[in-house]
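Please find one structure pasted underneath; my questions will follow.
The letters A, B, C and D name the chains in turn, as written, and every chain counts its residues from 1.
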Amino acid sequence: MTINVTIFNEYIHERTDAHVKQIYPAGLHETLAAHFRQMPDFRVQTAVLEAPEHGLTAEVLSQTDVLVWWGHVAHDEVSEAVVERVQQRVLRGMGLIALHSSHHSKIFKRLMGTSCSLSWREADEKERLWVVNPAHPIAQGLGPFIELPNAEMYGEFFDIPDPDELIFISWFEGGEVFRSGATWRRGQGRIFYFRPGHETHPIYHNKEVLKVLTNGIRWARFRGNVEVTGIGPASHVKEPLEEIRSRPTPT
Amino acid sequence: MTINVTIFNEYIHERTDAHVKQIYPAGLHETLAAHFRQMPDFRVQTAVLEAPEHGLTAEVLSQTDVLVWWGHVAHDEVSEAVVERVQQRVLRGMGLIALHSSHHSKIFKRLMGTSCSLSWREADEKERLWVVNPAHPIAQGLGPFIELPNAEMYGEFFDIPDPDELIFISWFEGGEVFRSGATWRRGQGRIFYFRPGHETHPIYHNKEVLKVLTNGIRWARFRGNVEVTGIGPASHVKEPLEEIRSRPTPT
Amino acid sequence: MTINVTIFNEYIHERTDAHVKQIYPAGLHETLAAHFRQMPDFRVQTAVLEAPEHGLTAEVLSQTDVLVWWGHVAHDEVSEAVVERVQQRVLRGMGLIALHSSHHSKIFKRLMGTSCSLSWREADEKERLWVVNPAHPIAQGLGPFIELPNAEMYGEFFDIPDPDELIFISWFEGGEVFRSGATWRRGQGRIFYFRPGHETHPIYHNKEVLKVLTNGIRWARFRGNVEVTGIGPASHVKEPLEEIRSRPTPT
Amino acid sequence: MTINVTIFNEYIHERTDAHVKQIYPAGLHETLAAHFRQMPDFRVQTAVLEAPEHGLTAEVLSQTDVLVWWGHVAHDEVSEAVVERVQQRVLRGMGLIALHSSHHSKIFKRLMGTSCSLSWREADEKERLWVVNPAHPIAQGLGPFIELPNAEMYGEFFDIPDPDELIFISWFEGGEVFRSGATWRRGQGRIFYFRPGHETHPIYHNKEVLKVLTNGIRWARFRGNVEVTGIGPASHVKEPLEEIRSRPTPT
């Protein structure tokens, strides 16, 4: 079954920073897209901030099964209308993969209901992501941990709702830990946050990171129940399913 | 230890509908306040929609341990600035009790990240709330269930994130079920949603309902950790706790 | 990918009760097996209590991806050795579907850690199972609820650990509710409990019930991480991954 | 309100190992008891393995609100009858605090349903426990983390059910992480596992560790609902709460 994947990237660092450009010459969305296009079950398109409606028109979203989101320095430039549209689409079953600094994106914060803040440090330190949910399909094909030789640090407290499923916990050389891979359900939609990805390191060239993202997309695709009522406008159910006998006689 | 309780009520039905006025002559916030004032550990104040800043000024919120919220027909009239302020206060440890139709309030939807919709019916039917978490202090002092002879129906699917704790499930005479009592943590704050409360029935005169709300307020009061970083603005931790030795030599 | 399904049935009622025999002439395991054999991805075998080792030898279990369990009046006759073997196999990734009265089976109680008791009544009453997790693949292909015209009642409090995922809540005509479909992870294994199935009603001939069980089997098949350490015997990791510099100098 | 605390210790290391004896001359149960006895709301007694019924008679348990458990080398010597008795008492509302190597105690494994294994190393390395649930009363009065200069390492994968609440995550100098503080509900009982405590380090002399345990005991005391049915033997509810009209006419 084909999974329609849309990758959103604010696409700024790669054009303004020579070091980042060297790692992701066409933007990190294109690096990711090139990898995902190797998957026979994925159909991949990309969207960038500067496009009209950020490339996330109602039509694009309606045809997207899983949206991958990367933002960092321009969260505030994402329009409220697009954020609202993405949220409604998630509630109606679109999967969302939030990458790295997207913890502070408008859409992720809106779906979480919290500040989604954390502590951070750029010291090119070692990170090791430990698998803590060995039955989860997102952890398939990995060893007991993933090691990244140099990474930005994100540390606790990470101001998120308790995850529905916690899959990875990171160890950082500098002394912190972090809940690095976690999932939540919102309406009919599935959300996966994955920490690695700082633009100054070649994280999205790492085979295990790409394996996790590929697993994450397959997991996030809607396979649920389309018939539920109660999402969006409230449903006025005038007729009861069973006879009501408790109603007091009007006086 | 004193718990400062603020009860917010939009206070509209009780002034526009004779039947509701009969049940709650001074507004349902005053019925609740009168009951809570009997608790030696509660200090109670009220706030209404038409007051400046809806009575929820920065000063009032800073002195509130637990905010009880009732809204129904005027959710849209609550200002965004007040909603933002209440959310930030919850993340910083204020408890929130969301009553009945407040499932559709701006503040509850913002903290949940979902539509918080449901199905509903007004047929004065019987409701029975079953306790499904017998270790929870909110269920203390009750029997195995609470029975309400006549209630508005709220039915599944209730579009909320999976609760951290599910305490009550309702049975409705007309054939539906509903997750009627549930909790979530957001930042340092604790949230309790409790379903009963339709303004056309004397729900807030019911002893068991009042018992649940009293328990809920005591449970929602902050008793956590005030020292965590990471809520609100991100924390830039320049100095690592441990020496970093993985940093590659600049070339 | 083929899923090896083993259906265990104590197979007693169907041989001792004429009414049950009429519904399940060859045993309810064979009714289920006949249905599951229509699935191109399922390879199905059955096991019964009176077989040596209850048909659940080490070899059978090692080749089983998902074990479906039905027991009712003979839970105590299941040998401890087989229970231990099934538990170890679940921790190592075998899925388990516990049906109806299997809430009181040794294996389910052992995996839950609780009494798994509940209240019950045989009054041939109506049951309606509401979907409360519309993103879950186990709820795929259903409407907003399943209705069973006549069922045994199971009511709360159901003494289980809070489920990882709650999928169905039942409404009963006689006034109770029940968490009827729920999942838990134990080690690498996934567990799904599904309530319907009393032997005196033709529940396993119901198309929607069979749909749920088929979904459940596909969901419970292991697709996780095989490389984790820490299940079974503890792992003594003599050599640290990083140099230890805190060790005090021996005095 | 008085909390009756019973501390169980297998009490072996302290008598057979000179180094451990130096740290805990009268046994670590007595070190803990001496501290807890300073709390005006605690009434403390101790129990050791070699006592009849390990000091955990039916009478002692019936008068215990919270049981603190420490075992390491003699888990197998705890009698099945006592384990069964403790489990039943937990389901009926006794709190349980499982310390350090008690992850492998019979009672903890029985309540979890898993192997409760993990990886470990004795290298006197540094440990830092980060608070990840800042609203939890168990984290009250601490900073953002606890630092232990020298500790035994416990690493993931820790084979436990996903906790109801995850409160602490440990960072270890040698490169691992661990879910070091977590809670679960079983029946009416609350369980808290807390990792620190290796007998060769003076962990139970550490003020922050003692603060966590004191908080844990207060949290684990039963304050729930005593009226629930469904724990222990199943409840046969012969008479429905509502009239059943769906029963087919017998033919």
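The rule is simple: a residue touches a chain if its C-beta (ideal position, glycine included) is under 8 Å from a C-beta of that chain, and two chains touch if they have at least 3 such contacts.
What you are looking at is a predicted structure, and each value in this text was computed from that prediction instead of being measured.
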Chain whose mean Cα position lies farthest from chain A
D
Could you label the chain A-chain C interface same or different, taking same to mean over half of its residue numbers are used by both chains?
same
Note: of the two pairs B-D and A-B, more contacts are counted for A-B
C-D, B-C or A-C - pair sharing over half of the A-D contact pairs
B-C
When the C-alpha atoms of chain B and chain C are each averaged to a single point, how far apart are the two points in Å?
36
Whole-Å gap between the CA centroids of chain B and chain D
31
Find the geometric centre of each of chain A and chain B from their Cα atoms only, then give the gap between the two centres in Å, rounded to an integer.
28
Could you say which residues in chain C touch two or more other chains, in rising order?
128, 131, 133-134, 144, 155-158, 162, 164-165, 173, 175-176, 185, 187, 228-229, 231, 241-242
Mind listing the chain D positions that touch chain C in their complex?
87, 91, 104, 110-115, 117-121, 123-126, 149-150, 153, 155-159, 161-162, 164, 173-176, 184-187, 228-238, 240-242, 244-248
Interface residues, chain A side, partner chain D - complex:
128, 130-134, 144, 155-158, 162, 165-166, 169-172, 175-177, 179
List of chain C residues in touch with chain A within their complex
93, 128, 131, 133-137, 139-144, 164-165, 173, 185, 187-190, 222-229, 231, 241-242
